[in-house]
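Each of the two complexes below includes chain A, the first together with chain B, the second together with chain C.
Then we have the complex of A and B:
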């Protein structure tokens, strides 16, 4: 059998962002993989030590577009922990709504791309069109479709008044039946989807734990860790989050976890809108942040996002460090890809919901 | 799921076996944040092994306090059922710690990243290929860079203006 090396990237039609893969191939089969990163390393962690804590809120939201709400949320939670700030209840509920609306849009984007890679363009268009309902909702509620600018230290800077609550519920009522009655059954039963995604890109639960994997990738292998229930923040402890798992650890299972998590996100948003208490949106004026250190975690659309913050009593943070879930997923590609076919590489890469700007910062 | 008191007992049992400082707090959801600062960086692997034995997984590694004269700190953040344990070790600039990759596979990228961004070394690694920065770029390069926004803000404009004034005076 003929062996050869195949370069993929850094600029490639199946990659949305630049990453270089050197893939060893034997015949049609992947025998090994080496990843070279660093093409979009922007030094953002370094920049956070050159900006004050308030400016950093805007900078950190721009690490990544799809999970842009998770970064400022974890960052604010860290500063609130250091300063002992109590976030008002209404703001806690609104934070969950912002979190879940981003999760819904992010997960739908990933499964839409899966359909595109499979070549099922009508399904790709259908999922993207349904996702537009969430995009429109974000634009109406937050004034922006991607970077919501929802969080401030000590609360939120958006509100959902009674008439807007009715609008958001109407939007959820539009999306849910499309998702439950049309999109999910298609992913569950369509032979084009199943033949290209079942039994492909396999990784088991123990390997997920060994590689430190989180989020839908790990849950697609039966590892039921979700920060929203394992280490609840905001008001997730009152919402009884359903942690979605699938046992098989293939491309299809990861997609199904993401789709079912959109349904769960809709349920959580409905619950928050129903229970939304009256009260202030923030704890008060711009707070003073004393010296201290804190660690916070949130469940970003791709899994656990962890922040470490250290302050020294000035308005410039001594250190801000974070790790996104995609960071570990890259390394695990060697498990998912080796033994697979060349034609499956784009599907497997997409199944980790890769975010290179998040990984490299 | 372990109770907070169980987590505290487990982590305290690890901290007792290794010289260093131990502190913790508990949040309103019953999750613990524990800090162990090791007296000797040579105890790192033993401490990491002990944490693994009580069910910890590695979440992240942070290098900090990167001043030329000071001691660098490397903080290893672990998760146990949603609670966080941070293991801190002090390392001289240019100093070394032992790898924990044999214990935690996902430490590989973290170690490679802090080696290239800080003047720190990790011993016992099979492969220390650069992660993000090219081999031709010096370690700690970020500490020598000036953000474009600083170069182009009002401060540099004043400097430029003063330089022009001086040059004009000289030319007279």
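Then we have the complex of A and C:
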């Protein structure tokens, strides 16, 4: 059998983000893979130490578009921890709503791209159209389709008044039947989807733990780790988050975890809207942030996002560092890809829901 | 085969996209669009300039007053300025019609002057508080507070103590 080396990337491997792989190929089979990173390094961590804590809210939100709420949330939680700020209860609930609405839209986007790679364009369109319900909701509640700008230090800067609650619930009522009655059964039974995604990109539970994998990738291999239940933040401890796992660890399982998580996100949003207490949205006007350090973590759509913050008593942070789930998930591609076919590479890459702009910042 | 029904349903529903530019595109009230500035309520605290992530807002002190400048092309519509503005003099409108010709790119600027006043007692230059600040601080105004509002801090203290503004 003839073996050769094949470059994949750096442009548009599965998503419109630069990833570069050098792949050793034997016939149709992938024998080895070398990952080259660093194509979209923008130096954002450095920039955070050049801007004040308020400006960083907007900067950090723009690290990545799909998990753009998780970053400021972890950042705000860190500053609140350092300053000992108590976030009002209403704001905590609203933060969960912002988090879950982003998760719903992000997961549906990834699953839609899966259909696109399979070549099932009409399903891709259908999922994207359903996702548009969430996009419209975000625009109506937060004022933007992607960058919610929901968090400020000590609370949130948006509110969901009574009439808005009715609107959001109506939108959720529109999305849920499409998801549960049309999209999920299609991904479960459609032969085009199943033949391209089942048994592909395999990774088992032990390998997930070895590689420190996070989020839907780990949960698709039966490793039930979710920050929302393992180390609850905001009001997740009261919501009893259902951690969805699938045992097989293939591309299909990861997609199913994501789809079921959208259903769970809808449930959590409903719960928060019902329980939403009255009260202030922020803890006060301007916080004083003393010198200190904090580590916080949140469950981004792709998995555990960890923030480290160090302040020196001024309003410019001394250091902001984050670790994103894609960093580990990306590395595990060498396990998932080896032994697979060339034609499955985009599907496997997409199955980790790579967020390169987060990873390379 | 299950998808055929969905395809048929979608076909029956017609286009899912908005008719823009031939029809109106729906814009929600909360939409974060072009920044607007109300110079009568600005108190010159410069907080919006401080929090502006892109550095789109600039203040400069000049003879006639405080000059406010916003570069709309640098603005990222994060809404931090509006959130931290104590008197809500700066707001985000629903206007998203920001496209323009390349040669007009340096003209996408709004300029406003918050004029200085002069103390009615000694003539000293002062930054006016604006009606909204008085509303926030004193829950309204009365003739006395309006007289005091147009004095510099020193004269205000004296007038207030001696009772002459009563």
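As a working rule, the second predicted complex is superposed on the first by the 357 of 361 C-alpha atoms of A that agree within 3 Å, B and C clash if a C-alpha of one lies under 4 Å from a C-alpha of the other, contacts with A are read in each partner's own complex, and residues count from 1 in each chain.
Heads up, the rule we're going with is that a contact is a pair of C-beta atoms (placed from the backbone, for glycine too) under 8 Å apart; a residue touches a chain by one contact, two chains touch by 3 or more.
Being a predicted model, the structure only gives us computed values, none of them experimental.
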item	value
Chain B versus chain C as contact partner of A:149, first or second or both or neither	second
Partner chain in contact with A:189 - chain B first, chain C second, else both or neither	second
First (chain B), second (chain C), both or neither touched by A:38	first
Partner chain(s) touched by A:139 [first = chain B, second = chain C, both, neither]	second
First (chain B), second (chain C), both or neither touched by A:54	second
In the complex, chain A residues that touch chain C	51-52, 54-59, 61-62, 122-123, 126, 129, 132, 139-144, 147, 149, 152, 157-158, 182, 185-186, 189-190, 285-286
Residue numbers on chain C that touch chain A, as the complex places them	2-3, 6-7, 10, 16, 28, 30-32, 50-54, 76-80, 83-84, 86, 92
List of chain B residues in touch with chain A within their complex	1, 29, 31, 33, 57-60, 62, 64-65, 75, 77, 79, 81-84, 86, 104-106, 108-110, 117, 130-134, 142-143, 145, 147, 150
Chain A residues touching chain B - in the complex, by the definition given at the top	37-38, 41, 43, 46-47, 50, 209-212, 227, 230-233, 237, 294-295, 297, 304, 306, 308, 310, 318-319, 321-323, 327-328, 330-331, 360
